[in-house]
Amino acid sequence: MSKKSKPVLLTGASGNLGRMLARELAAQGYTLRLTDLTPFPDQVPEGASFTKADLNDGVTILQLAEGCQAILHFGGASTDQPFEVVLGPNLRGLYHIYEAARREGARVLFASSNHSIGFHERPQGNQAKLEADCEFRPDSFYGLSKAYGELMGRLYWDKHGVENLNVRIGSSFPEPVDARMLATWLSYADLARLCIAFVEAPKVGHAVVWGASNNAASYWGGDHRDRIGWQPQDSADAFAAKVGQITSGNPVTERYQGGGYTAVGYSRDGFSPRDAFTLED
Amino acid sequence: MSKKSKPVLLTGASGNLGRMLARELAAQGYTLRLTDLTPFPDQVPEGASFTKADLNDGVTILQLAEGCQAILHFGGASTDQPFEVVLGPNLRGLYHIYEAARREGARVLFASSNHSIGFHERPQGNQAKLEADCEFRPDSFYGLSKAYGELMGRLYWDKHGVENLNVRIGSSFPEPVDARMLATWLSYADLARLCIAFVEAPKVGHAVVWGASNNAASYWGGDHRDRIGWQPQDSADAFAAKVGQITSGNPVTERYQGGGYTAVGYSRDGFSPRDAFTLED
Amino acid sequence: MSKKSKPVLLTGASGNLGRMLARELAAQGYTLRLTDLTPFPDQVPEGASFTKADLNDGVTILQLAEGCQAILHFGGASTDQPFEVVLGPNLRGLYHIYEAARREGARVLFASSNHSIGFHERPQGNQAKLEADCEFRPDSFYGLSKAYGELMGRLYWDKHGVENLNVRIGSSFPEPVDARMLATWLSYADLARLCIAFVEAPKVGHAVVWGASNNAASYWGGDHRDRIGWQPQDSADAFAAKVGQITSGNPVTERYQGGGYTAVGYSRDGFSPRDAFTLED
Amino acid sequence: MSKKSKPVLLTGASGNLGRMLARELAAQGYTLRLTDLTPFPDQVPEGASFTKADLNDGVTILQLAEGCQAILHFGGASTDQPFEVVLGPNLRGLYHIYEAARREGARVLFASSNHSIGFHERPQGNQAKLEADCEFRPDSFYGLSKAYGELMGRLYWDKHGVENLNVRIGSSFPEPVDARMLATWLSYADLARLCIAFVEAPKVGHAVVWGASNNAASYWGGDHRDRIGWQPQDSADAFAAKVGQITSGNPVTERYQGGGYTAVGYSRDGFSPRDAFTLED
Amino acid sequence: MSKKSKPVLLTGASGNLGRMLARELAAQGYTLRLTDLTPFPDQVPEGASFTKADLNDGVTILQLAEGCQAILHFGGASTDQPFEVVLGPNLRGLYHIYEAARREGARVLFASSNHSIGFHERPQGNQAKLEADCEFRPDSFYGLSKAYGELMGRLYWDKHGVENLNVRIGSSFPEPVDARMLATWLSYADLARLCIAFVEAPKVGHAVVWGASNNAASYWGGDHRDRIGWQPQDSADAFAAKVGQITSGNPVTERYQGGGYTAVGYSRDGFSPRDAFTLED
Amino acid sequence: MSKKSKPVLLTGASGNLGRMLARELAAQGYTLRLTDLTPFPDQVPEGASFTKADLNDGVTILQLAEGCQAILHFGGASTDQPFEVVLGPNLRGLYHIYEAARREGARVLFASSNHSIGFHERPQGNQAKLEADCEFRPDSFYGLSKAYGELMGRLYWDKHGVENLNVRIGSSFPEPVDARMLATWLSYADLARLCIAFVEAPKVGHAVVWGASNNAASYWGGDHRDRIGWQPQDSADAFAAKVGQITSGNPVTERYQGGGYTAVGYSRDGFSPRDAFTLED
């Protein structure tokens, strides 16, 4: 029996993933509260309402969550940015989301990222894939904000019993565009199914899931996907011929799981600071 | 041969630990830059200067660090506080400290806390003590800010080669005052020796050390103290008779390593929210 | 004899009503200072100047008002919004407007709203229409900011002799678009005439006027329009056939004078909180 | 049967009235949450906890109110101050208090003030005393913030069914110190009884009560005190001989109910602006 | 031998002058770091990177300057604006630029303006042209911010040996559009050559240069251009027939070197305040 | 005939100079408006009122200045401080003071400082003393804010006819305490007389005066003191024997007129950055 009687709050609704999820979940009959700092660019789907709000404005975020059963938190800066840009929406914003969830007895799906562990090396040959309970190795201020978010979930579970699922999204685009994405790609359909599985799961606790489709080249191994009964159904493998030769040529980028984010401003091991610098890469 | 030729920056200098460290390190001949948001309450020691500054003011923090070999970062909120109070000094402030260290090629000793892992249960009987590479289990916004700081150290080491030592301080007071401190106490003298060992160590990398004296009842096992050649010389054991019966009576407090911090606002498992509430406990 | 020798300050000049008023008053020969946070979208009329300014910036607002005889205050949030969005322009901004008026010996026309009294019920059958000296019953944060503005006018009149006219605008659009507007519509031409009557009136004191055209279905009775010698000349009655059947179907909306604003988030009397929720309705 | 099972939140706890109420209500067996921006200067009473918090920090205010049955809102600026000083605690703060009350289903006692109606003239001879449903005539930014608070109560009652009692406090001091207080004095004991009556009342709705003891010289007549079954038991009359000759000599002060607040900066009717100026009077 | 091995930071890169300089310097082989608050509207040139950043964010500005040899500071408000708009980017921003230069041992070209000396009268007939060491006579908040910038350069040279060139730009547009520009015009090509001469100069010290082409009608005489070996090669003279009759008709504008900026709000000498008022002239 | 009919606004009233001036001017019969961010520590003198206000709050500053004939601006940071501390009170605050003066037709005495020209060398032997129309050579952010203030006076005089006197105060203390003060000392009595001469002067224009007593060792020559008919009557000479041997031993300090301020952080000419560092010197 579906849990469609209570609304779901979706933050970051005006972004690419948010728009796709709004469309898919509404089509499945969920009642949605959509929010973003920028206006929703599409027609608001049947059964959904949109409210423009800032993640820094906690009281408004708490109001938006009233009566919700679940929060899909895709809001905040979604690429690497100067620290001050990340601070408000990604750190303070997370606090507001978790406070809202605690008050409502709602669960949280947090759109975490592979960049929370991006400085793990990519497995070579027969090397073991990375387990979800590995140590955090953030590769950027953005990645650090994602690690912070996962730990806030840990705190709210330990202290208040707020359930949360932390999806370390690899690369969620219409299709893979370079060799790295053969490992990291997450199809839109797999992401939508994951979100629904999360909402419908009987029990979640504090869980971590690798957000990638069923890719042969994946860097990632065991996680908590059984908790929600999700299995990806798509795969990047079919794109191997098309994009398998597209690499960056940057040795830092190619060595670590976080890819280009690890190389932005990288200054260790004889690299000249700023050789590869740009905060907008 | 000592590294006394370049200054050491000490933040949080006007606090109890800061004042003690200023006194001890100055007495050992180190050149100190002291800073705090509140005026230094003592006579500034010979060889030290004091500058009032806000950890939110990054450019000033960077200036204070110029030419320093090491930063002893004891600044920021040092107890649990509402999130907004923690945000500026403990999250933004850390960024400023690490940026300063990166620019100067300095190393950072971060005054982390057992509250970054406070929701681990206390070991009972023959149970294993907790290793330093355990997962984070913060017990408060304060503890979460400490986990964040350790991960920022991880990032700056991975990306920029900034060395950092994260000392998960237990309870650093003149002497233990309750039963829990028989496990967690860190004597002032042991802390001062630890700071000096850190400054003098040939190589630190990214390391984590339990900040406790040589206590029989300790919860904590292996860490990276060999990197800096530090061994605590004091012990809480002598205070067992005096304070060993002083416990909180709160089952949450007594179950978890973080003690009272875990119980502030605890609302899981049938506990009524706010039963034990006070943010100033 | 007209009072055209001294300029009139018009805030909110880039909004729909502001643009219309700028055009009409300039055509009548008034010297206008136009201001808004967003650029003026039209050609600035002959005899007018435009300055981009924030109502939060009091010193600049005071400069803009220098030498003015009257301020037409149409600036600030003009729909319901989260409290934090209303606070700056609608509360702080009002203070800046009234301080400017006090200093200049200018009078203020404040674009108040029916939403300051929106929780009065609509009169049924032979029930009396609402008098302007009724108690405030705001229906939203927006409506509350309008009540606040009227009371600030009361204070500045009582304490400093600053004259002010508070126009509780119903619905000022090119033409009525639903049944409620048959009661609440204010034509652009009637509004422009009202503004001119205000500027030209020999004495205003502290006055309140219902901002509606000559509508048979009006909810509103006596007010202070005689002070300025204004009578509406247009009427919504001619649109009755066209829009008279267009109602909301929401019982809260249809019961109270404030219409849809009363229903946004309404949670009394067995209504489930958030049934009708959207802050952008 | 007393309502002592759920806590009561008291803001402004560190002020004179707050300290008195904390002491009295704790002595009566109420569970109290105390909060203020400044530390609580006394021993925190048995059954009470104190949390330092800023009324501007909405999320923290909402947390403090969790599980409470009632909020006694005595926080914010309690004298006339420049507008910018009043804005945060007295306007934004009120919003946080009412949002908290709405979420918790709690009722609010708002410490309003006679300064919300201070520009009504004092009744002379046989003139009628002022009724509680009179129009607002604020005499200062402080008084305007109190009118705003009463109207926010009106809004939250109309829209969300949040019960609230608005006490227009006259002069609550240990004893009267001038002639005006023979009319306006509210004894500490009467105020404490009023607060308890409010907490215990079966139903409050939106009500307004004059906050004065049983004074023969009172300016004030009918109000809603029957809703809570409160009657003042003390009287200023016994102080008439002692302080009855102490008046200000300022004709504005002596004419209006708000007393000295009306005269601060008064500039009407031939008064030279600033003659009597000081914001700290 | 060219100094192309180290990057050059260009602020205000998205403005008209910034875009032109980015194009010209990149074409000459310089490695550029471009930054602006608004996105770069063109294709980022080969050898350049663009980072969106706020001049108020000092730590990010310091990062952008790392490893640079020179900073071309064209960022900040570039026309007269209300004081609050100028404060952040033009005053605080300058501090961040000079701190960055000090740390990097870089030199600064500051895009100053004739408006820092705009209240000097235009020379008539045989009157001497104005020397660069004249006293400052700013004509606007904008001009005052430029004087401030020149003095910050003076301070950083005297105290820290930071070299800086202050270019008092006249009117840098594709071509002159009125009579005043026959005196003040600076061609794009002359400006680009000036910037390159600055970067390449062996020694600059603290210098001031008039930013005008080789115009017969120029108001300006001796300066420090020999320090960098720059001579303008273009001239406004060829435009004399086309634009020589285009004047403002405003006696203030035509009397002073700063032109229209001096007349905005001018209120001396019998001028009625605000006669000529608009902050956007 | 004295100008005592209109009040004088004194900012920074709670500082050492402010308290002395409040006492002296009140004793001479001037009506004073005193203001400061910190409470006035003394009994407010007869004929004076005190209002706590922040120089950042422009609207309040403008209110305080209403009806005043003169502003004695001693407020703001009075020693060298990190830039962010100086920005608000010393830069924004100055704007508020000058706007207030313009509106009121008041004149401004600005407590400038020798630190606006501190990097001029001290004259040796027969070298000429420094003239008041010398170029600015600020020695600190504090000194730079003073140069900025003098130039704001220049702007307001040129554009709006606001008269202003800029007093470059040397060292105003009860008596000289080191050798440098034999040159720079300004007695309290001389300062008080200067302020009164300024208020009473028929015409001031834009003027600069060296704020030193009649000291044989003075660094300073011609200025505009004749405009106000002021001559210092005290002298540091009598203290030569007592303090003439007290020097700093720092060659930077002893070379430049600004003394210790020039040496704080001095990093030119082979000086190691931060050798002499402390922002609180």
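As written, the chain order gives the labels A, B, C, D, E and F, with residue 1 at the start of each chain.
Operating definition for what follows: a residue touches a chain if its C-beta (ideal position, glycine included) is under 8 Å from a C-beta of that chain, and two chains touch if they have at least 3 such contacts.
To keep track of the chains, here are their UniProt names: A, B, C, D, E, F = NAD(P)-dependent oxidoreductase.
The structure displayed is predicted, hence computed values, not measured ones.
K.L.:
List every chain that touches both chain A and chain E.
P.N.:
Common contact partners of chain A and chain E, which must touch each of the two, are B, C.
K.L.:
Using mean CA coordinates as chain centres, what's the gap between chain B and chain F in Å?
P.N.:
One centre to the other, that is 45 Å.
K.L.:
Please tell me the distance, in whole Å, between the geometric centres of chain C and chain D computed from their C-alpha atoms.
P.N.:
From the centre of chain C to the centre of chain D is 31 Å.
K.L.:
Could you give the separation in Å between the centres of chain D and chain E, each centre being the mean of its C-alpha atoms?
P.N.:
57
K.L.:
Name the residues of chain F that each touch 2 or more other chains.
P.N.:
In chain F, residues 59, 63, 66, 83-84, 95, 265, 273 touch at least two other chains, as defined above.
K.L.:
Is the way these chains touch best called a line, a ring, a star, complete, or other?
P.N.:
Contact pattern: none of line, ring, star or complete.
K.L.:
All pairs of touching chains, please: list them by chain label.
P.N.:
Those chain pairs which touch are A-B, A-C, A-D, A-E, B-D, B-E, B-F, C-D, C-E, C-F, D-F, E-F.
K.L.:
Help me check something: in the complex, which residues belonging to chain C touch chain E?
P.N.:
Contacts found on chain C: 7, 33, 49-54, 57, 59-60, 63, 66-67.
K.L.:
Can you tell me which positions in chain E touch chain C when the two form their complex?
P.N.:
82-84, 265, 272-274, 277-280
K.L.:
Given the complex with chain B, which residues does chain E contribute to the contact?
P.N.:
58-59, 62-63, 66, 95-96, 99, 103
K.L.:
What part of chain B is in contact with chain A in the complex they form?
P.N.:
Listed in rising order, the residues of chain B that touch chain A are 83-84, 87, 91-92, 95, 102, 119, 133, 135-141, 143-144, 147-148, 151-152, 154-155, 158-161, 262, 265-269, 273.
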